[in-house]
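Written below as structure tokens is the structure these notes are about.
Just so it is clear, A, B and C label the chains in written order, and each chain counts residues from 1 on its own.
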């Protein structure tokens, strides 16, 4: 689409992952200079590491985009209780498949990042909460931890110092809500993963076993190692101000070359991603919609335009293709970059069925603790299911919107927003399809079954 | 009685009005103190906070301050600008802080309530016509007050197990359950019997017990009281009576010295159920299941319904005259009861003093459950001490009486509601000793008594009990006694007046209290019946601090002395 | 309940890793489920006893998580992803093809107990959708035509050695003796 040449990836995290001469064993990691940053960090003071991470401005890569350095600062270090570090490897956001690559192909990067982080926050023990569907991934991690332990890189008296931190792999069992940090903590404690009310249960103060806990995404923790390699200030130069470092974008759906691509933040726009990097849409198709950040983020209609003022004061006037791929870009367009899962939908997609598919996901995954999410998500699923089964009514679009508005902001955790935003954005941007469903209930021959 | 903690107060602004609330209180309770209801389901003041029903959502804000200088930011009209939290917050989990602003009636809050109400009703079955909870159902009440008023749901509702047996006394209807988790938290925190849980997830979450286990602990019916809807219902009360027909009376459970505050519900003289009443100093909001069964004793087969002389029915007057004839001028042994009210024990003691009788009394002791069923299975042992009926701690038998009879020290016995043989009194010693028996149910002693005078159960009269913590609490009459049965105070006052030349005592609570107040050295000196009727009154127990009270540490109770092994 | 020595040793080695016993519940359940196929009531009570909990605490977990089972799946369990990215690439047709070929509806076990199909939520490999998992192996880009072929290989017992269907796990490089690549090879940067 653009006159420039195809944007090139900058593989920092995934540098070695797809190299045919690189395996997930420690010999390869050491060969490429692995664990050198661990040694360097252990010569520093823990606060200094935290300062570097704060300077780097690295934001959480799990979906919320909260600056990791700030999260570490909120940690209650004065309580006298043991501190815990948890890696959130429960990748379940539809459209996201980046942590899978790191865990299966370059696990030692994660382990080194975690040990540096553990040292920085003086954690007593660290856990990797991995989703159970990654059977081999759990085995790979456990064997990698054994390798690292044998060389003194984790476990007892790391690198011969006084600091010990055991690393335990804990498998989940197939629940999306375990990706929510307090839900994860409850699951790790052996209870039903019902998220906790915040306040007062902020993990940094009252987390695992009511002790201060830091929960970070896999990609975020890997970035810690690279921050230590080049320093926080240098890292902050990668990408754009407030959107530092690289991000692994996962593209799926109706493109020629779906997959995972690592770029500097803001290095390319949505259009460049879809048309240049991913080879464009399938032959004869045109773009209908894009979900930019995993199914929880608000959908973008292909012919939409967005305008306003950015944080730095500059005006912007974008089409979907112009949205820069970083944290603030999608946010300015009224959506979010979330976990980086870009789902591309072409003109064959029946939007009501797509909505039904997403609603069914959230209804299934709701933990059931609080009323709005529990009843609202199931109600929305039932409505869209009925619409797709031929029972659509004229008032359904308004009803769906009203139900979604009643969920947003009223729940214990962000799952409420995650369930409400898709419905709100679909109705806002594709209302004509919902109204059309009343008159034309049958699925078009060119559309795939989605529910 | 809701206790008022005498701690510091904190100023907040509630719906534009400045008010003071106790420190550390949450917003639901704080608003209630000032007459504003914030509807809630899962919150209970005596259980841990769950925060999952989302019904108590309110708007909250704090005055904005300049980040650097710390000065308050002001609006154009000089009032502090309030930084309202963008999302509504739950009141039950938010503690008051100085200067906090709260909105409980704004459009946003009303919209939240409508929304949550709608969601609760979406999968709720249309059971009102057959549901016991109707009339005291919080879903009904809040739907009327805060709901949308019409339904927009046209899909199929979830189907779950209905009318299952959750335990021997509790019936569970899973479809009605709103998943507030009060029952689960209660079972974990009070009887500490972790037997309830949710299985499945999302909207299909279902309350259940593990197969093979049941909700059978002695506090299972409290979950029925706690349940805001008709999911957990009492199997005993099921389908018996609509609650709006019931008349409630405040009472005290006579099962043990715990002194649980209760509400006795009746209609047209018939008792239907007993439920606990909230008292933050005595029983929180709980009572044991075994105490609730006691209302059945009122109509049991062995209830004494008429006076008897030598086992032949007679009128009450005839029986009283015969009793006075048997007791006058003789060496009387009076066996009092720890189940009698304070007023009755006092009157009985007056009779004793004026006839130079010898007093005997036994305690009924069993295992203490550490919660609300104490080792002392009588409600008013301490009343016997305070009324002066006994100086010593009662033993668990009447062997001393047996010995006194053996040594021919007594001519006649006046027995209040005890079974002498069961109390280890030798039958041989009872030969030839006339007995005047006053009691509610027949036993071996009433069967051999010369005169039997029927008395009233706790539900049929009013009186005062003193519980294990020395709180004096009144219980009120709920139903009238059987026809022709004189109230206990009348009975005792007529005996008193007939056996002595001293001033007569009128047979009503007020008169008895006036006499009690005037006893020198009495701990009741400064306390009036009006005081005790308003609130539980703590009495001075120092006189009896050396006695071997059998109760052990329990809910709201610390034993003052070491329990003798 | 008969657990093998090996599993019991693993369980006993696992519990001390956690600061509180209850945390070991999920991992314990996985170990037992891997051996026995499912967690029945007796196993619930055994686990509760081992961790000093009540049986209801374990049953709460088993019924919450889709991957924990009260009744076992078939000898070979197939998971097909139904969430939007895979659905966009035809996973519904994939699932129907597998149902037809294997003679069992999704969510059920075939009468002879050999196969079962589960139409699951996102398996986190969306770029290569539709994604089908057979036991622990993840197969990518399985459209309805390939699904038929996969089912044939599966029923003939030759899926594992098939060159056409290489699972994500089998494609991983796990060799610890790899040497560094010569410098002239184009880097992925």
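By definition in this document, contacts are C-beta pairs under 8 Å (C-beta built on N, C-alpha and C of every residue); 3 or more make two chains touch, one makes a residue touch a chain.
Predicted model, so just to flag it, every value in this text is computed and none were measured.
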Does A-C or A-B have more contacting C-beta pairs? A-C
Would you kindly say which chain has the C-alpha centre located farthest from the C-alpha centre of chain A? B
Here the gap between chain B and chain C, centre to centre from mean Cα coordinates and rounded to Å, is 55
The distance between the C-alpha centres of chain A and chain C, rounded to whole Å, is 22
As a quick test, compute the distance in whole Å between the mean CA positions of chain A and chain B. 54
Multi-chain contacts in chain B: which residues touch at least two other chains? 198, 200-201
Provide the list of chain A residues touching at least two other chains, using ranges where the numbers run on. 175, 192, 364-365, 367
Any chance you could list the residues of chain C touching two or more other chains? 57, 60, 64
If we count contacts the way the header does, which residues on chain B are in touch with chain A in the complex? 49, 51-55, 57, 86-88, 90, 93-94, 111-112, 115-116, 118-120, 122-123, 152-153, 155-156, 158, 178-179, 198, 200-205
For the chain B and chain C complex, residues of the former touching the latter: 194-201, 208-213
Can you list the residues on chain C that touch chain B in the complex? 41, 44, 54-57, 59-60, 63-64
Complex contacts: residues of chain A adjacent to chain C: 9-11, 14-15, 18-28, 31-32, 82, 91-97, 99-100, 104-105, 125, 131-136, 140, 166, 168, 170-176, 187-193, 209, 250-254, 258-260, 291, 295, 341, 343, 345, 349, 354, 357-358, 360-361, 364-365, 367, 448-451
Which residues of chain C touch chain A in the complex? 17-27, 29-30, 51, 53, 57, 60-61, 64-68, 79, 82-90, 92-93, 120-129, 133, 136, 168-169, 172-181, 185, 188-189
